[in-house]
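Chain IDs A, B, C, D and E follow the sequence of writing; residue 1 opens each chain.
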Amino acid sequence: MLTQLKEKVIYPEPKKQSVIIEVNDLNVYYKNNHAVKNVSIPIRERSITALIGPSGCGKSSFLRTINRMNDLIAGAKCQGEIMYDGINLLDKKIDVVALRKEIGMVFQKPNPFPKSIYENIAMPLKFSGIRGKTRINEIVEESLFQAALLEEVKDRLTQSALSLSGGQQQRLCIARALALKPKVLLLDEPTSAIDPVSSAKIEDLLLTLKKQVSLVIVTHNMQQAARIADQTAFFYEGEVVEYDDTPVMFTNPAFKRTEDYINGRFG
Amino acid sequence: MNSMKVNRISTFLIICCAVIMAGILAGLIGYILYQGVSNISLHFLTSDASAFLAGGGIKNQLWNSFYILLITMILTVPLGIAGGIYMAEYAKPNKLTGFMRSCLEVLSSLPSIVVGMFGLLVFVNFFHWEYSILSGALALTVFNLPVIVRVCEDALRSVPHDQRLSGLALGLTQWHTIKKVLLPAAFPGILTGLILSAGRVFGESAALLFTAGLSTPNLDFTNWNPLAPNSPLNLLRSAETLSVHIWAVNSDSIIPDAKQVASGAAAVLVICILLFNLFARCLGKLVERKMIGK
Amino acid sequence: MIVKNGEPYVDDTAINRRLIKKDLSYKTIFSKKREYRGKILVFISASFIMAATIAITLFLTFQGIRSFTVDRVNIISFLAGLNWNPTDVQHPSYGAFPFIFGSLSVTILAALVAAPIGIGSALFMTEIAKKWGQKFLQPIIEILVGIPSVVYGLIGMSVIIPFIRSQFGGLGFGLLAGAIVVGVMILPTVTSIAADALKSVPDDLRHASYALGATKWQTIYKVVIPAALPSLLTAIVLGMSRAFGEALAVQMVIGNAKDLPHSLIEPAATLTTIITLSMGHTTDGSVLNDVLWSLGLILLVMSYIFIILIRFLSRRGRLL
Amino acid sequence: GKSTDSTNTASTKSADTESKSGGDLSGKLTIGGSTALQPLAAAAAKEFMNLHPGVQIQVQGGGSGTGLSQAAKGNLDIGMSDYFADAEKDISAENLEDHKVAVVGMTAAVNPKTGVTNLSKDELKKVFTGKVHDWSEVGGKKGKITLVNRPDGSGTRATFDQFALDNATPAEGITQDSSNTVSKIISDTPGAIGYLALSYFNNHSVTKLSIDGVKATEDNVTSGKFPVWAYEHMYTKGKPNQLEQAFLKFMMSEEVQDKLVPAQGYISVAKMNVERNAEGKTTKK
Amino acid sequence: MLTQLKEKVIYPEPKKQSVIIEVNDLNVYYKNNHAVKNVSIPIRERSITALIGPSGCGKSSFLRTINRMNDLIAGAKCQGEIMYDGINLLDKKIDVVALRKEIGMVFQKPNPFPKSIYENIAMPLKFSGIRGKTRINEIVEESLFQAALLEEVKDRLTQSALSLSGGQQQRLCIARALALKPKVLLLDEPTSAIDPVSSAKIEDLLLTLKKQVSLVIVTHNMQQAARIADQTAFFYEGEVVEYDDTPVMFTNPAFKRTEDYINGRFG
């Protein structure tokens, strides 16, 4: 049914921002489970792309494919093209370790390392080859500032990251990813496990960040998508039913199914 | 009500089982300590065993037990942890891994006497290391390796999966993720497991019967040259450990105070095991607290 | 477009190479930054396990079949013969059946001792008193696992044997004493594996049952135990495999008589006790020595059988 | 092999303080095997080490079979045995050099509560081959007969089988590794019977049995009246080295043969009026 | 802040349906965590009461207290009054086994027993002392029918319940609870783990069921609450901010916070 509708989808012309990642005909399989089906959407530079859709529709799978985190899942198979900087990220020859520094990821559950706040940011820096105490200190401070966390933690950088509140931990995870100066940041439901106040803070943070980084965010909160995203893609059963600029999508969706979902008729 | 009555009776029976369990432990420990502690004295711990007179001690046996334990742990810990890392992190679900897992299972369920016989065949006879600390420690390595691999694998697996993901998502290689993120997080579990396994090695006897022998040369505790035949450090000398001593004293010694020596030695052994246990618990908790609460 | 030699030419360097894997070379494999080094290291370590297992199996097999290939002991009369008399100058006989029987009886009796108490204790830990169970029984089990087998043997000699002697007469040494000692010895193993099995039954099922108005026992008996059954059986089999291989503790209490026992309180022998008892008296290459290795081979084969049994059980568990 | 704990009576500390009387000797000697000879060897070793502080000797048990097999393999410097190495067909006896250091008598040991002090050889055979089951059948108090055996490699068992039971194979009973344990079990268990070297009858917890009315005494053994006895051998692999030679010489010295040997319940070889060859044939000297 | 507002809350007069459960000043603690704070709401007979609120606000804790499932959680403590049929359900003397037969519960994740479909319903019947094969067969059939599942499974009653789809499993769980003829059925996010089609089926089912049973449903889907609930309670940080007839609540909420939540401004 959906595939029939598919032909009618006309993606809008690129707006102000140029495309940084171009996904073409992406398919993801877990053994026999076809989790992402022929998805082709662009990710725009310095903007927020939101992925919405009911549980199990393949949003996370899609996201994980972009920085090849799906490689870690035994039995996962990806086909198609994810063009970034002139190369296909699904290529065998890609150095995934280098890739993941450029395309960072933040997860649903805040997952800082059980180390000090400082070490949480400094350790990945050291491994990416950055040397020199002052240089590292600088970057730690800068990324904490970017993640709007510096004020809250600057006096206790040596304390365990686990002593932070959930919202702070999540911002620390964002800071940690930012320290590596990624071009793209993928966020999988980054606010769904934390309290409303922290959640609002992170939304603000993302709006600031998009001036420097391209953001892709999975969210189950339609209003959140409406508030912060520039573009929105609606996933349903592995397919992208609709992709459009957020205001268009939320006021005038092309498909009944999108409208139903946005208005909470299912999901 | 019928089902209520059944419920009450069966609950009672289950509680009985738990009480029996606790009773066995209390009985065992109580009996051993009651029988043995009165035989433990400084003299008992620091004097040589006697072949036919009363009043012998367990100095050499105690030393041998700790020394063999040390050598065994030096051999097994790096191997076992590396093996555990492989099984938990690298092993892909394929035939080789399946085979390796089977080997691990086989190894961990081998009777220790079979391990001892293997040691006799290979280390004692084939390599001509004779009954020696080295042969014993190698046999115990075979015996202990699967335990440590298991401990390490379990500890690594119990580290939340998202720690792994976050490491990799930050552009760390898998090896660095393991080294810097997973191993530190798994450390308390590994440590506790190691110490508990050390307790098992410490008490093992059947595997040593045919490998470390049932005798100890006259040790000279002032001679620390590991090549001297009477040096406590010599790896190629035979060494009777505490638990082998208990068995030997009981089954074929001619000393008149065999019973006292055996129960004294058993008490020392059990106290050591209890200390290992206590130590493992405290250390594990301490390290964990340090990691989380710092 | 750049044209080179008349062909259109794509400048390779124009594409950012930073995301492309470096070629494998000696340097990249062993350099600190790459992960091959660590990977090779852990793989070699893991291979030791395979090497050790294969070595043990091969060495013991070769040594164990010598008595049949070199010394021409009849394998049937070895396995089924009732008479063990290797020192008889004229007609040495090597019937190992009494030992096989002894090992099996001790194993089964020990399981009868350990299984109900072990599973009962595991139920206590996971179903009746979770907090208590974790706090008290868990350490008890860990300590019991750590107590050396000779200590169990010693206690068997000084407590259980006099007790059996006073209750049933006879020497006290025998199958019953062996079974009790080994049963108590494997109790913690059975308990802890059974507890793990019960813990892995999802709480969902328990909640479903309680929410339907089931009593605790109904939940345990009809929901929890059936769901954990294969793993519970595994716990028992694992305990039995330990019992089968236990040597010194059994030797201290079983009496080491080489005939088939007629009752539980008569002395008997097991495969392990006869090995520990006789190995030292023999020289390499003698028939008796070879036959003892054959007994060792039986132990090895049995532990393989136990593993196959466990595999079978756990596969059944996965189907559920 | 199997053995017991080491003898460490001469501590090296005393070696530093004591004047070196026979100071030229030093080294390590491991002796093991026959539990029948073990007490004597241990006592002699202790005295020898007092004389030569540089020497360390361990005396282990394990049984005669262990003594022979481990000496042949070289794991023991001196192997002790109750029987001739030639009698053990798996051991290449030509490599082993025999040193007869003593004779020891052996006899059946019974629990005192049986009320039996003497048995005819026939009765003994019936008891040990399981033909009779109750002590009352052989003139004792009513009570079940329980056999306590030594394992196959034991010289005590071999000697007892050969000379007391005329090569009848004893029925199975509980089997224990050392003479000491056997003695303990016999004294603990009503109705128990086993066999021990005379050196183990040093208290009255077990009854020393007479055979055919002949008491198991030193005189009866030396005169040949009491047939159950054995040479106590010390075997070395090939020619003894200097240290082994010195110890063996010490074993044969008056100090041991005249003092220790009788004190521990053994008989000096020189006192014997009969002798016996490897086949077990006894002849008058 | 909330406690100040609290005084102004005026609960609406009982409508058509009389009260079957009256909760007064209920407090639930997990060790030091005060999860439910002074909650007092009525549960009306033969109607659907929806509990909504952000994650962690105590909805499940409240629900579990009603049929004493909280007894199973070590460290959980309940204070207050839950009046049902003239008795306080929190009373020590309550026979919880009998209680749970009268007040059934369905969980978020479908949790059928790993037995046959038939056994899943028959087993609890046997537990509750119902004997006789024909009697049991009758009840099994009846409750499968009630749960709108009979048609789909009548030919494979002996197959494993795990072979059913998620939605079918959930309906089986409802059938299982119905077989015991409960007066009240508590449902904790019964549709959030299953597909939209099954979810719609269950909504229909609940609307039919309420003719015989009083239903309390926790849901994170505001639209679902709006569609099916007669009354709605909005939980926030352990307190009931607002309780009212659903139409009133959704069109004219008394509190800003309720409005914000309903319009997806947080959570």
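One rule holds for everything that comes next: a contact is a pair of C-beta atoms (placed from the backbone, for glycine too) under 8 Å apart; a residue touches a chain by one contact, two chains touch by 3 or more.
Per UniProt, the chains are A, E = Phosphate ABC transporter ATP-binding protein PstB; B = Phosphate transport system permease protein PstA; C = Phosphate transport system permease protein.
All values derive from a computational prediction rather than experimental measurement.
Number of steps on the shortest path from chain B to chain C, with steps defined by chain touch: 1.
By C-beta pair count, the most extensively touching chains are B-C.
If you average the Cα atoms of chain A and of chain D, the two centres end up 85 Å apart. Rounded to whole angstrom, the centroid-to-centroid distance between chain B and chain E, based on C-alpha atoms, equals 52 Å.
Computed centre separation for the pair chain A/chain C is 48 angstrom, with centres defined by C-alpha atoms. One simple way to say how far apart two chains are is to compare their mean CA positions; for chain C and chain D this gives 40 Å. Looking at chain A, one finds that residues 98-99 touch two or more other chains.
Listed for chain B are residues 3-4, 173, 176, 250-251, each touching two or more other chains. Touching of two or more other chains is recorded for residues 33, 215, 218, 276, 279, 284 of chain C.
Interface residues of chain A, counted against chain B in their complex, comprise 67, 69, 72, 74, 97-101, 104-105, 107, 109, 111-116, 123-124, 127-128, 158-160, 162-163, 173, 176-177, 180.
Interface residues of chain B facing chain C in the complex, by the touch rule stated above, are 3-4, 6-7, 10-11, 13-18, 20-22, 24-25, 28-29, 31-32, 35, 78-80, 82-83, 85-87, 89-91, 99-100, 102-107, 109-115, 117-118, 120-122, 125, 142, 145-146, 149, 173-176, 178-179, 196, 199-200, 202-206, 209-210, 243-244, 246-247, 250-251, 259, 262-263, 266, 269-270, 273-274, 276-277, 281.
Contact residues on chain E toward chain A in their complex (touch as defined above): 54-56, 192-193, 195-196, 199-200, 221-224, 263-267.
Put simply, chain D touches chain B in their complex at residues 1-12, 28, 30, 32, 35, 38-39, 42-43, 45, 56, 58-62, 75, 176-181.
Residue ranges of chain A in contact with chain C, taken from their complex: 85-87, 89, 93-95, 98-99, 102, 129.
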